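Multiple structures are listed underneath, in structure tokens.
The two complexes that follow have chain A in common; it is paired with chain B in the first and with chain C in the second.
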Partner chain A sequence: MVFLSIVNYVRARGPDEIWRKRRIFKLAAHYIGRRRNCYSVAVRNVHRALVYATKARKLKKEDMKELWDTRITSACEQHNITRFSLKEGLERANIALDRKSLSDLACWEPRTFECLAAVAKQKLELDGFVDGVDKKHPTGVNLNLKDVMLDAWLKERKN
Partner chain B sequence: MSAAKRVQQWATFARTWHVFDCKWQDPYESAHVIKKYLMGLHKPIYHPMNDCGDVVVCINSKDIALRGNEWRKRAYFHHTGYPGGASWTLAWELHNKDPTMIIKKAVYRSMTGNLQRRHTMQRLFIYPEDKVPEDVMQNVTNQIRQIRLVPTRLDHIPEEEVKNFPKIMDYPEDYVLK
Partner chain C sequence: MAMIRAGLQRIANIFSGPQGGILSRFATNLVPVESKPVPETTKDVIAACNKLIEQNASRNFAIVHLLGKQWRITDGDLLVVEGYWPPNIGDKLTLDKVLLAATKDFSLIGRPLVQPGLVTVTATVISKGLSHTRTHFKKKRRKQFMRINFQRAQQTILRINSIEIANKVNEAPKNVF
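Then we have the complex of A and B:
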């Protein structure tokens, strides 16, 4: 630490010590024992808690991503398609849905998800990405996608 | 019909009972499949905090198949807690003592260690043979697909079919079959 001015040498940091400590005690209000009553203990724990909170903001996003992936994987298994092919197929069909929307659809609108799985599979077959040797079709083969989907849109090759 | 009722899905949190035939299956591979159903990982509503796991009934656990020389080489460790209380039991010894133990330990180890694991294990029923109590079997509504195809043994194929099977040549008279 570099001390550039005399101000840093003084021990008392102003008259508002109570308020400075109060700020820490308010954050430590839900602790138990000395951690909430003694300032010197409380401030250490509050600082640590704030560090945890900072790190957790990133971790929470990663956790949610993992959860969505789990849910999408399980929904894909029900429709006989892998998560990778679903992602690839939807991307080629210009359906830009992220993990959150896909998992929400899988959870709340299973029929919509079934159609998405069928569209992805159809697109992959049209693009020649899968060779059609795999006879395990997704469960949406009886949906007659050809009646609904625009040929031009499906056949448009992705660059 | 209200908007909430329109998307209502009935019996979402109901427990389904699955049966899994362990015959000729690798317990360590099938543990990952069984785990998926026990924890509810096969449902799009999965969340670690919600209780959406199913019940799995494993049958024929005495007919599991271990890879390579694992029956002879894989050891199960146990310690009584006292000095000198360590013991290593080989897989074949353990299987002779309790034919359900290997699959049970495999499923237990495939799950991460948390407070839920022991409760999840309570939903796993293992039977050494295909004789399952009636009150368990009457709940089963689904069968989990086996990972490997169960081959038919040559001595289980009817003799006539074996005789009539087309072959390229006959062994010479003096040829000794290994």
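Then we have the complex of A and C:
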């Protein structure tokens, strides 16, 4: 912008005003109404949206964790075992699958998940472990534990 | 001190003795587990598994541990690994930390890893680049505080070439490492 009179030069808030506003308007392009067209409204909304986006990156991870837990819980209920005891049993059997892969298996590979549940349950019975946390008994089908054969190695007590 | 420890040991034994301890009675209303070994069945199962592997009946999948994350993968998958990772484009890798490998008919569950040499997962690095720009924006209302930063993470894309299970389930493990 070229200013021929000194008055206009003083009024201008610097040469980069258009570009400064354009940066905000670009981010507000998909908004509706004044939020899109009026700078003073747009800038508030864009700032708020950016703050949300920054915070949501952390929240997304927490939400996924919750979702995986829900999936594992519901898959466990089918096999009459609680999520707590499944986790305890797998840990005692040294099986290091995390939430993500367990829920993945529960969704897409139910037979593998059933095997894991059976191993966990058998291991807990061998250890004589009582699940005192969850008093509510799930209403699924009991696993057939007769076919579960654990190695001698697995039968050792984990200290 | 030794006496106290012996006493504790005895108490612990009552609760968790050989036959599952007295607590096992409360654990379940099922019949107690019969711990007699069934070697014939075990052998049959293992033979059946080995035969299935030989026939190559269905496609395999595996759960591998890579850069602190676990991935469920099968043949031809693409993995996007985020963060600094040395391998370059075109490198052929074998992913050794296999936590679980399975086909349609059986699963091999590692404790915590499947024994080395049994499952071979090969992968190729097909691209290295950066992720999209993430805006890190902080603002405090009425406090004249505003910070903006931009960050891009390094990304490596991996193609899983094959997941092969050798038909030697139950053979003695060879210590490769």
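Just so we're on the same page, the second predicted complex is superposed on the first by the 123 of 159 C-alpha atoms of A that agree within 3 Å, B and C clash if a C-alpha of one lies under 4 Å from a C-alpha of the other, contacts with A are read in each partner's own complex, and residues count from 1 in each chain.
Please note the rule applied: a contact is a pair of C-beta atoms (placed from the backbone, for glycine too) under 8 Å apart; a residue touches a chain by one contact, two chains touch by 3 or more.
Remember, predicted model here, so these are calculated numbers, not experimental data.
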{"item": "Partner chain(s) touched by A:R71 [first = chain B, second = chain C, both, neither]", "value": "first"}
{"item": "Contacts of A:A42 with chain B and chain C, given as first, second, both or neither", "value": "neither"}
{"item": "Partner chain in contact with A:E109 - chain B first, chain C second, else both or neither", "value": "both"}
{"item": "Chain B versus chain C as contact partner of A:A117, first or second or both or neither", "value": "neither"}
{"item": "Greater residue coverage of chain A in the superposed arrangement, chain B or chain C", "value": "C"}
{"item": "Touching both chain B and chain C, residues of chain A", "value": "108-109"}
{"item": "Complex contacts: residues of chain C adjacent to chain A", "value": "15-17, 20-21, 23-24, 26-28, 30, 33, 35, 37-38, 41-42, 61, 63, 65, 69-72, 99-100, 102, 107, 109-112, 134-139, 146, 148"}
{"item": "In the complex, chain A residues that touch chain B", "value": "67, 70-72, 74-75, 77-78, 103, 106-110, 113"}
{"item": "Complex interface listing, chain B residues touching chain A", "value": "7, 9, 41-48"}
{"item": "Chain C-touching residues of chain A, taken from the complex the two chains share", "value": "47, 50-51, 53-54, 57, 93-98, 100-101, 104-105, 108-109, 111-112, 115-116, 119, 122, 124-131, 142, 145, 149, 153-155, 157"}
